[in-house]
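Next come two complexes, and both contain chain A; in the first it sits with chain B, in the second with chain C.
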Partner chain A sequence: MASEPQGGLTEYIQHHLTHDVITLGGGGFHLDSWIVAAALGLVFVLWFGLYARRATSGVPGKGQAFVEIVLEFVDGQVKDVFHGNRSFIAPLALTIFMWVFFMNTMDLIPLDLIGSAVKGVAGEQVAHNTHFRLVPTADVNTTFAMSISVFFLIIFYSIKAKGGWGFTKELFTAPFHAHGIVAKTLLAPFNFFLNLVEYLSKPVSLAMRLFGNMYAGELVFMLISGLMMSWATFVPGVLVNAGWAIFHILIIGLQAFIFMVLTVVYLAMAHEHH
Partner chain B sequence: MELVTQIAQVQAFTAIALGLIIGLGAIGACIGIGIMGSKFLEAAARQPELVPLLQGRMFLLAGLIDAAFLIGVALAMFFAIANPLLSKLHG
Partner chain C sequence: MDITYQSLLGQALSFAILIWFTAKYIWPPLTKAIEQRQLKIAEGLSAAERAHAELRDADSKVAAEIKAARQQSSEIIDRAQQQANQILDKARADAIAEINRLKAAAQDDIASMAQRAREELRQRVGELAVQGASKIVQREIDPSAHKALLDQLAAEI
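== the complex of A and B ==
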């Protein structure tokens, strides 16, 4: 931050909004988002992989039943939207759903838990200089990384479904169709421009939706914690935090679900011919 | 102009902008949710057997409608707490 922290609430929130940045290849790299996201991805893979390996066709245990419920829920959603071979799309949707859900859930971990731990171990001065943001999806880099990956998948599936020539042709001839060479060339720039906007708006809206929701949620937690820091407001602070957390559970699940469904919808659209 | 006056001016305009961002966004989101909710209830009253199917889609759309508003709120709160326009003034 360029400005000097003015102390109090502003400083508290600015401190919590600062990422743990390391310099990597000339640019800043948000180490905290990366570590948390990678760790949660591993947790998901190990957890679901373990139950997939140990799956029995007999009476399932509680763990296997839970994994099966999640799997069938996601597979059902994909089946509704995407018609065709979903041997890749359904696992992709499951990964996106569970991963985003895990990353969003980090919002529910108390804000100052890590800060207090650092303070307890290494002292006040170290804690003041340590920045660690726990929610990877409240970092615009994480959400854009995911949505740009989805964007490349859209391009890949468009080319796979229509062929390189068909894809290029569609860029210039849809959505306005015309007959005759003159009308076609006349409409080509407009079609191309509209398609460009359509394609580029997909990753941007996908990333900004998730980021905006999680960032706003995180900021409200920070505001509550920052405003109710004293011992006198400890009990109301806990109550207000709990209230917002309960409401936030809805947003956490909903945003993970929306990210998954929209990814599948976009991939299904990529398979459509105009 | 004095620095204090400039800061006050930036803060005043930012405050007005925050009110506009959150207020107008809330109007839009509320109208959207209201229309969708009323249609959902109508549809549920007409064909109760479709409720499970419609409910999932309603929540999906509720998230989509809320999203633009929440992005606005996030932006507004960012400006309220760490105003980048103000820090530019400090140099």
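== the complex of A and C ==
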């Protein structure tokens, strides 16, 4: 990498944007996203589970108070949007919020930390061939996996709320209502098409929003790192990097929050009848 | 210097700035919120404890009050009973005195009436004796001439 100063940044960025892919069942599998996401999910479960297990009804410790604050915040958000039994939706929202937040937070970890560690331990050649992207939410596969799960939940809750026949009927009779069999038949394809777009746009927008934000954030970090590669722009690079990281604190929380709230909104909509 | 290490150095420096920023501007509000929550819960718990103690106090006070009231009422009843007895006794004594007085008066009346009747009888007897005697002797007897004798007769009756 260092041998080509001109193509350095391009190669640097390309290298950083390459996933650690293994072949699994004939397709590529992004091992890095999977490992980090699973580990962070585990961290969330262990952290919150531990405090839930040790929770007292008396004056909480600092850790428990924090968990309670997060819980109350998420539950309040869900309560505002979703009117009904929250016993599944609220934990789902909490899991989404904390998990996405954790995964987004990986963006703040210095970009070259892992690569340099690998290089330090195993040498340049291994580092050159090792790809590891630390931010699972900057991987479109992760965000789509989550949003498609949400999509299935939307379908499940729609059918649960309206029944299989009601759900199917609504696909063809809403949003344009008509009276008489002829008008209904005429409008059915349009209704179906609109509903199809509406249903499919939900997971796509959910996934692309998160992915786009985190991917762009990561890319900006890489570009700023390019500034640091020459000593002339090293100091501004450091300052801009710090500024972008500070700004990113806002983005990682906001994106996690948006993903959570939209999920709850979609599920609330699934309960409603047209 | 290797560009990866160089950029790592820069990233480490900016990471240090980020940590400083977090410690200075993000951590304090978080810990403050946590401490406020702890404080609120502690206050709520102690308030509940206080209310509990106050309730216990009030309960015992109420019990004492009820006991005192009960005692007072029984005292009042006792006194009322005593008073009633006194009134009854007095009324009985008054009645007895009245009866005695009425009896005495009646006896006096009876005595005086008997006396008067006796006097009358005496007089009548005197008159009858005079009439009888005058019929017997067929002439007028002067009552005043025989007054001494008649009085003696009346006194004997």
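One rule holds for everything that comes next: the second predicted complex is superposed on the first by the 262 of 274 C-alpha atoms of A that agree within 3 Å, B and C clash if a C-alpha of one lies under 4 Å from a C-alpha of the other, contacts with A are read in each partner's own complex, and residues count from 1 in each chain.
Here, a residue touches a chain if its C-beta (ideal position, glycine included) is under 8 Å from a C-beta of that chain, and two chains touch if they have at least 3 such contacts.
The shown structure was predicted, so the numbers you read here are calculated from the model rather than taken from an experiment.
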**Asked** Looking at the overlay, does A:L111 come into contact with chain B only (first), chain C only (second), both, or neither?
**Response** second
**Which of chain B and chain C A:G237 touches, first, second, both or neither** = second
**Message:** One more residue to check, A:M208. First (chain B), second (chain C), both or neither?
**Reply:** first
**Request:** Could you tell me if A:P60 is touching chain B, chain C, both of them or neither one (first, second, both, neither)?
**Result:** second
**Message:** Tell me the contact category for A:A161 with respect to chain B and chain C: first, second, both or neither.
**Reply:** neither
**Request:** Check whether A:I258 is in contact with chain B, with chain C, with both or with neither, and answer first, second, both or neither.
**Result:** first
**Message:** Tell me which partner touches more residues of chain A in the superposed arrangement, chain B or chain C.
**Reply:** C
**Request:** Report for A:S225: first if it touches chain B alone, second if chain C alone, otherwise both or neither.
**Result:** second
**Prompt:** Which residues of chain A are in contact with chain B in one complex and with chain C in the other?
**Reply:** 1-2
**Request:** Provide the residue numbers of chain C that touch chain A in the complex, in ascending order.
**Result:** 2-15, 17-18, 21-22, 26, 30-31, 33-35, 37-38, 41-42, 45
**Asked** Tell me, which parts of chain A touch chain C in their complex?
**Response** 1-2, 8, 12, 58-60, 62, 65-66, 68-69, 108-113, 115-116, 119, 127, 225-229, 231, 234, 237-239, 241-242, 245-246, 249
**Asked** Touching chain A in the complex: which residues of chain B?
**Response** 59-60, 62-64, 66-67, 70-75, 77-78, 81-82, 86-88, 90
**Complete:** Listed in rising order, the residues of chain A that touch chain B in the complex are 1-4, 9-10, 13-14, 17, 208-209, 211-213, 215-216, 219-220, 223, 251, 254-255, 257-258, 261
